[in-house]
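In the two assemblies presented below, chain A is common to both, partnered first by chain B and then by chain C.
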Partner chain A sequence: MKKTTLSYHIIKNVLFFCIALFLVTFSVYYYFARKTIREDTRENSVYLAKTTINMIEQVLTLAEKNPQIIAKMLESSFVSKDSLLPFLKSMLSVNNSLYGSIIAYEPNYYPEHGMYFAPYVYRQGDSICSSILGHINYEYFYMDWYQIPKITNKPYWSEPYFDEGGGNVLMTTYSVPFYTQVNGKRTFSGVVTIDISLEWLTKIITDVKILNTGYAFLLSRNGVVISHPNSEYIMNQTIFTIAKEINQPGMRETGRRMIKGETSFQAAEFRSAWKKGKLWINYAPLPSSKWSMGIIYPEDEMFASLHRMNIILLVLIIVGLISLSIVIFKIVSNLTSPLKDFADSARLIAAGNFNVRLPEIKTEDEMKELHNSFSFMQKELDEYMATLKETTSAKEKIESELRIANEIQMSMIPHIFPPFPDLPQIDLFATLKSAKEVGGDLYDFFVIDGCKFCFAIGDVSGKGVPASLFMAVTRTLVRSISDNVHLPSAIVESLNKSISQNNDSNMFVTLFLGVLDLKTGELQYTNAGHNPPVLIRKNREAYMFEKTKFIPAGLFEDFKYGESSVKLESGDMLFLYTDGVSEAENSQGELFGEQAIMQIINNNITARPQELIDKMSAEISGHVNGYTQSDDITMMTIVYNG
Partner chain B sequence: MKSHFIKALIISAFVFFVNILLSQPAKLTFAPQWMPQAQFAGYYIAQEMGFYKEAGIEVEFIHPSANIPATDLLSSGKADVISLFLVTGMSARTEGMDIVNICQLSQHSAIYIVAKKSSGIDKLEKLNGKKIGVWKSGFDEVPKAMMKEKKYNIEWVPILFSVNLFMLDGIDAMTVMSYNEYNNIINCGINEDELNVFPISEYGYDIPEDGLYCLHSTYETKREDFKKFIAATLKGWDYAAANKATAIDIVLDRMKSAHIPANRVHQEWMLDRVLEMMMVSDNDAQDNDAQGKGAQNRSFLNKRVRRGELLESDFDQTAKIINSISEKRVSFKFDEFYKPLNR
Partner chain C sequence: MNTTLVKSGEYSVIIVEGRVDTTNAGEFEKAVMDVVESGTDKIILDCTGLNYISSSGLRIFLIVHKRMLAKKGCLKLCSLQPGIKEIFDISGFSTIFSIFPDQQTAESD
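Entry: the complex of A and B
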């Protein structure tokens, strides 16, 4: 695994969080900033469109007034036909925006004038000229300016046109139909027109500037481009032919909405051939002529300030994140540098060098606590090691003393077999295996008066040194008492009395004591609370002595013990043991048990004393299976060969 | 070897210059029937690409105006050869003008009657009793004859050339040329699917249109020059069909010098439609081209006619039309009117 540092982890996590936080914040900011800018630009552009349209409308609606008034006058027959020309002339002379004006009558309205009667005044240079229009080659009835108001009964702003006579000026004509009473009926009688130049209008439109390169354009009712920064388009193209030429169906749709007189501000659904990038459009109609003005501006300009801000913000954030990383790295390094020293110290301490110098901590924080803990641990370890040394040496001393005590204890009980090579009536074998260095079990045997064989097996309550001392006392007392007294109960009673006195530690001993008459085979015995031994009749059966009713010795000073007797035949064998045998325990807590003892004896009914004990030992080992021995194990077999 | 080559070169150069000195190219004046537009692209190309010069003629173009039609230019001698609709040419002859058709270029009718779908006119019958705009200056004969034959009562509203009255719903329907006014309407923002279109060719009136005409008198005297003119013109049309972009460039130049609004998209449309009108079944190249572009009118493919040919059946049908709507009757024979010079 790659080794990483704590600062790397902290920086990674903090940066990750910061970047996520930044992204969220930035998105929200960007969304709202964009919205605000769009709103501002929209308001700006709507205002711009409105003022521009108002400027144009002022001129157009004013121009509309003249023919409207004339139409009213003609309807009311205020003006005679002879005064029409002078009237129009004077109108032109006071109104510089008018280029020409016609009052065109229906065919044969004035029979004396025939088919055509259309007084016309027009500007030529500085002078105002007049003529009467209408001729077989100039049948004005079929011209849009006449025919459309006539058929639709509505005033009509013509599609713009270049006036070829007047120096290629872009013109438009406003025609108003007029009606007179013919045979008492209001009848269409002709059309009054004015011609106005659109120079001023294109100037107003070209003067519209928005953002850096935003511009305005004007479409006629048919979508013809009247004004546009690209002069190639003017009068040559409609928005629909441009849309087709550059293959922008969205432009056609926008154009359709524009000429329908709709108003909108939106992201343009088209690209322009001569202005790159995404565009926005705002359009609104001219109420009088039903033309439509559009204002176009590039999105990148609209959001240019925002994009500039974004770049600054981005740079700031990157610088910020880098600085943050550096600062975090510094702080974390400073904070954690002692950790590495601590790790080194810990390694040295583990190697046994408790006095290693710990890193110096000047702050009063967790690091200081760590330092204190380390230093405490160092001190404790040092002390502990010192104590451990002392304890170990003390223990070693005790152990060696115990070993000696064990040797002494073992030397106190007979352990040479066969013990009486010159006494053929008795064959005997015994073992004592202490659970601790010194044990509380005992066995002993000796001959009294040359004809009686006294033997005992016992178990002192408790274990260890106190038990071994009590055992030594018991064994010594049994030997010394039996010098004078030969009756088992008397021996045990005497023993009981002796050990009960001054027995402050309340220790006691279970004891089976027997006296065998070597001549008769008569066995007298007293069992003071000990496990009943097993009698194995030669070649017959084995059975356990009945359970004793006497208490162990050492409990009550004046307790009276009785005795029992049994007659042994030649070859009969006694098997005596302590509870270390019957209660030998394995790891599952199962005891070896008396049943197992009887079983083994029955299986080896002819075995010699040592052989039986070896078998028993092997079976016990097999049962405990290595589990710690908890009690002394003592066994003794005696064969009477009478 | 080398001296032989130089001698040959000198002799050829001499012969070449003598030829030039001796053969002053004949001069012809041609008047198309309307202002410059893609309808006449083949003629402009023949001139710009030098096809007329190669043929040994020098051609001058004059254009009619609203007041002076091409027939006037021909009769006054200002033009030697003019282009006219078949029905216009035959009407002129009926009126007593001694003109002959020397080549029939268009073989089909480009006239549509269009109505806005919003008007509810979705069948030809529904035009009965309606106001239909029609050109005041000619081309009105065929639709009028058709409506007369159908016995529809139509209020014909003469219009000069704009589509404005139609756009403002001043009329219920309008006769248009597929290559011109129809596309003008589209270019004024009306979508094709908002229009109901009745091509009169689909109602049994597939009357040929543009053809070349000259006075019977000059037909005899300038016969050879006319032949050269026709051959070079057809070459011009072939070039236009193969090089549409160049053709449109040339047309737009002509329009700009004539100070008339020039619009590439519209002229492209017009050239495609005009080439369809000229489509003949015996010319594989043109046939394939028209099919490839998706001809506006499939029924055109069925007419069996050779290039430049005027079918007698078309002549007869046109005579019937004229007879039905004018007081004078067509009294001349097919052979007297049609004097093909293109073969």
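Entry: the complex of A and C
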């Protein structure tokens, strides 16, 4: 596994959290800031459009006044037809924005002038010229500037046009119908026009400064470009021809709405051919002339402040996060630096150096607690080790004593086989396999008076030194008692009396004691609560002795024991054992059992004493299969060769 | 090894379960003697769940038996598993203890 530090984890988690927090905050901020900017821009734009349109309107309405006044004057017959030309001349001379003016009468209005009568003044360079229009080749009645006001009975602003005679100036004409009383009836009598230069208009429009490269443009009521920073468009293109040229249906749609006189501020649904990037547009109509003004906002400029803000914010945040990381690293390093020392100390302690110096902790926090725990552990370990040393040595002492006790125990029982080389009647073998703890099993045999063979096998309750001491006492008593008494029941009774007295610990010993007459083969025996031995009749069958009705020795001092007897034939064998054999246990808790004992005996009916015991030992080992031996295992076989 | 004490009529019934061997004989002794010393003079040891007893365990039974004799009380064993009954038979303990096939007969005797 890759080694990582605590500060790495904390920084990673904190940074992760901070970045997530930042992203959320930023998104919200960005959304609202963008919305605010859009709103502000819209308001500014609406205001800008309004002001610009007002400026244009001011000029146009002012220009409208002259022909309207003239129309009124003509209607009221204030002016004679001869003073018309001077009147128009003087009007032009005081109004520089006027390039020309016509008062065109209906055909034959003045019969003396014939069909046509239209006094006209116009600028020619710096001078003001005049003429009377109307000719067979110039029937002004059919011109738009005449026809439209006549039919609609309303003043009319013409489509802008270039005045080729007047120095290529963009012009437009305003026509106002006038009426006179003919036969007492108000009758249409002609049209008063003024030609007005649109130079100033272009100037107003180009003066509109929007952001860095934003601009305004003006469309006529037919969508003709009247004013645009790209002068090639002016009067040469309509918004629709441009839209078609650059294939922008959105632009056509916008154009349609504009000439319909709608107002809007929105993200443009089109791209411009000469202005790159996403655009926003605001458009509004000019009420008098029905023209429409558009204002274009490049989006990147519109949100430039926001983007600049974003960059500043990003830089601040990166710097902030880096500083945060450094600070966390410092703090965590400071806080955890003792941990590394603790780890070193722990390693030294583990190596057995309990008195290693712990890192000094000045703070009163968890580190201090850790320090306290460590020093407590040191102290405890130290004490524990001291105790352990003591107990280990004590244990070693006890173990060695136990081993000696076991050796003494073992030395008390005969273990030289065959035990009586000069006693042909008896062939005998016995084993006592101690459990880990010193046990209380015993066996013994000896000859009394040269003609009786006394043997005993027994098991003291419990284990350990008390059991082995009890066993030693028993064995000694049996030997000493049988010096004087030869009857098994008397021996056991005497033994019982001796060990029952002052037996506060209530220990007891099971004992099978037999006295065999070597001459007759008569076996007298007393079983004090011991496992019944097996009698194997030579070349015949084997059977267990009956269960005893006598209790183990050591329980009640006045208990009366009896004896039984059986006659042994030459070659008959006795197999005696303790419960360590019948209750040998394997890991599943299954006991070896008397049945197994009988079966092994039956399978080895002719075996010699040692052979049978070896066989039995092997079978027991097979049964327990390595499971810890919990009790002494003692067996004794005696063959009578009478 | 586990012992549980229940009252049944005038008897204190101690239910013995598991194994009683050298390792827990002391514990078993304390558990039973506590009951004995609590003043009860009629005790039944229910051995239904007792599946092993070593000679150390037998010794405790014996101690209890003697103590009850001294108190002129009464100690009964019941429901011994065959293996345990066998051990009692082999050791002759069957002759000194009152053993009953089940608790009911132990109580009614």
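Things worth noting here:
To be clear about the criterion, the second predicted complex is superposed on the first by the 469 of 642 C-alpha atoms of A that agree within 3 Å, B and C clash if a C-alpha of one lies under 4 Å from a C-alpha of the other, contacts with A are read in each partner's own complex, and residues count from 1 in each chain.
We take it that a contact is a pair of C-beta atoms (placed from the backbone, for glycine too) under 8 Å apart; a residue touches a chain by one contact, two chains touch by 3 or more.
None of these values were measured; they are calculated from a predicted model.
Of the two partner chains placed around the shared chain by superposition, chain B is the only one that A:152 touches, whereas chain C remains out of contact.
Within the superposed three-chain model, A:137 lies in touch with chain B and out of touch with chain C [touch as defined at top]. After overlaying the two complexes on the shared chain, residue contacts for A:630 are found with chain C alone; chain B is out of touch. Of the two partner chains placed by the overlay, only chain C lies in contact with A:579; chain B stays clear of it.
Contacts of A:614 after superposition on the shared chain: neither chain B nor chain C is touched. Once chain A of one complex is fitted onto chain A of the other, the partner contacts of A:223 are limited to chain B, with no touch recorded for chain C.
In the superposition on chain A, A:57 contacts neither chain B nor chain C.
On the chain A side of its complex with chain C, the touching residues are 437, 440, 459-464, 506-508, 510, 527-532, 547-552, 555-556, 579, 583, 589, 591, 630-631.
Chain contact summary for the complex, chain B toward chain A: residues 66-67, 136, 157-160, 162-165, 167-171, 186-189, 191, 259, 261-266.
If you check the complex, the residues on chain A that touch chain B are 137-139, 142-144, 147-148, 151-152, 156, 158-159, 162, 164, 168, 221-224, 235-242, 244-245, 252, 255-256, 259. Touching chain A in their complex are the following residues of chain C: 21-22, 25, 51-52, 54-56, 58-59, 62-63, 66, 83, 87, 89-93, 95-96.
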